[in-house]
């Protein structure tokens, strides 16, 4: 499975009572699939997966599977703290139609999460999963780091096909690329260093900005592919203010608010998350402005 | 509810297939309740709660409730990432007989976990919980810090009766004591600074070492109460090597291994945790040796 | 040399042109020595020692030596990044009348500052110094940590008589006490955890607050000595707001501003340090208010 | 002044008694200037500048100035903790023939090193310096971070011509490039992310590896300039093992040991630094092996 390109991590809509809103998810996905994105992730960090129970997760997978056309990778986040729960989640996702699963590192018992522990965890999950497995390292949220040396040990497993690395340490990303086979997919997880990550060999990215300004993200990807580095750097700089707002500053609530500004209704975040403060709306609007033409164009399609 | 004294956070036993072993839990609790401990916590961090699903959690509560005599506080860990899941967990624990619930901070979406977010989360949980709520701050594992100023805002809620603070920052603990009402229970969560924590006003502790060397922990607590600080300091020093092994070094697997060495069978940890390496056993045995007499004595009771 | 009690780290006064103001230093010291402090430190962190050249340092030592009566320990900060510069500074300080030298860890080449490197550095300095040496660990400023295990190795040197530990990690302080001989002086370097530090065996402290509210610091020291822990804890809490302002918030400029408020003129800080903003004065005044009576009393002496 | 290309930060040789060895410096520089490097830095971090006194510094500048031909930038590190000492050092360096000065951030009083403090410090130095000023940010050693927003404020000063950024955060480097004028020289300070730094717009680098494998560093620089990114990435990967050994692992002693292996005698490091352990030699030799042909070639010139 070749995962080159830009993927969008779809947020999970909740209604005013805090319940999953399947209708909003269907409507939003109908529009997301009209964009030239390579594929789609559900139940990732931006999907507020840790705030859902297992039944809700299954329902989200079912609804999304119907909305995403076959032929475009449909990837489901199935990370769990316990290995057996992660195995079960991968199996259920596969049964419900996932093309691959994205498995975040367990991270609660930080001092015990050695390289060996990660190898055991992922090997068990990959042995059991009916569909291919993507590793997922997000140190800023989990507090643990799936190091390149560990990934090298895992990359030889026939059912482990790549990694989403959400950190901005480009040297670590370069090590991932050089320490894994040619066909192992190293995907960037943050737009803030997307250009640099592509430059050191990432095949693409799973980017919150892929939901909001997909054309810009894809153009950046293509500029690097064409060797137009100077243009790519300019575009990267234009994306920085927006990526800051959706990442460290306002997080998932910021992503939902940005999507609302361009006409996508993904509802509210689930508590303890809360909608962004009013002041954030103006910042988001300003950061989106340079990309307006794109939105108008794509809305007109 | 006065929570002065030493509490033991009971590990959850698993069998060779990774299933909860109710029989071992019953047997172990029968022995734990024979020790002069103030009360008991189940499904805390040392109870591997994050590795259990909801059905398993309910079952552990049911089994433990039968084993712990009324009159000794029986506290259940019910922290969840989503507020509504935390509410449901607290209600179910209360229904199953918990005297109070211990609610760890949500921590996945770190940058969004502001003081206001914590106040909303805990207020919703405390409003809904049929039994009193203990806050629970464990920054080393969650990556977020429930600051004394936030605790001061929460301590006035009639259904929030205290906090377990697992960090070793004694200045922060002192701030918790001075910023909350007289009857708000500030409990230490680590033996490594237990003496210092008691010195600055903690009413007691929830201590992994309370499972292993309860008499020593209780003696330390009493020495401080009696103002015998010099003796207390000596005892604190004696406890340090053991607390290091059970905390940062070997974690929950270390606790289970130490308990095995003194005749308690709590089974194996659940994956991705793994039993401690053989080399650890010797270290644990050496760290336990100074307390042997206590064990022999208590075994003889 | 027994260093029990409270020591004041004297700031270095500068005039409007940024030159050392010897007159102000003399005047201030005349008043400091009238307070019931055990002894005095010059050219420590609070003395802006790193902003002085060697000639200025010598001049400050000379002026201060005249002002401090024999019989009360007069300690000079002589830490330098290179071992040979640290040796020379210790020798010059001894020649100029220092009773002991306080030698901050070198810390520029952080990854090279191993336990062995510290042992080599301090052994060379202590071998060469005509007066006793105090180790000095201030991790927050240097970025390196002189661990208790290293201090244990150094504490057996006949010319190393103690340590100033400026960190607030009370467990580390307790390890220092238990890992060194009975007559090795472990001194706290921050008032924020002074009570806890005394509780675990510190013989005293070198405290910025010792300049500003010496009577309160000394009373806290004596309360612990008398075993009156409850009273000591109350007093510790009263000192917290002030210690926060003089430490992490406003640093040395805050100390100079606080001293100005109680009638001591220590001039301005040297650039790149700058006087505190106006807003800070009100905060400092409020934090000093509870100790006003003391100042009035001592002013009346 | 255009600083495009690769610069070598020359180590300072010491003899067996710990004295500056001017002879070895002359001999080494005669060979360094024969390599196709753009220019030379003395008295930087790798020059152990913090371990030298002012007289020694002046002597090193004098010796080096004679050895470096006019026309190739000769830059002197003149960072000091106090602003006035930094001014004096810049003036002396200019008098002794420096083409520009490299001024590391002061960093001792960390909490006081605000953006305003940095602007005051550097503006004073740049106003007074007879030669252009390069900012220098090395957070891993100083513990403070000269943020892109602060650099933007300083980059408009006519006498501030660039920055050496030694951190590996490529997003921060990209912000430096985009937040400063076209002719402001952003130079990378570490080979570990040199390719990524060039990709986001650095004009070159001041690299310890520029002393050891200058041809490889220069080739990497040229590959990026020619848009041959795939080749550049391969070369970057080849440089990683060596950069790890000379940076975080063995530091300046590692650099001196690596230079000894290729026939440059820079003497021993000054205490508290110590020569690398014997085990390091084998690692360094192995990391140098892939570049051997280059050395042989350049030795043959």
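Each chain gets a letter, A, B, C and D, in the order it is written, and its residues are counted from 1.
In this text, a contact is a pair of C-beta atoms (placed from the backbone, for glycine too) under 8 Å apart; a residue touches a chain by one contact, two chains touch by 3 or more.
Just so it is clear, the model here is predicted, and its values are computed rather than measured.
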Per Cα centroids, the chain farthest from subunit B: D
CA centroid of subunit B to CA centroid of subunit D, Å: 51
Inter-centroid spacing, subunit D versus subunit C (mean Cα positions, whole Å): 35
Intercentroid distance (Cα basis), subunit C paired with subunit B, Å: 38
Residues of subunit D whose C-beta touches two or more other chains: none
Every chain pair in contact, whichever chains are involved: A-B, A-D, B-C, C-D
Parts of subunit D lying in touch with subunit C, wherever the complex brings them together: 18, 45, 50-54, 81-85, 106, 108-113, 116-118, 120-121, 124, 140-141, 143, 248-253, 270-274
Parts of subunit D lying in touch with subunit A, wherever the complex brings them together: 168-171, 174-175, 177-178, 192-193, 195-196, 199-201, 227, 229, 233, 236-237, 240
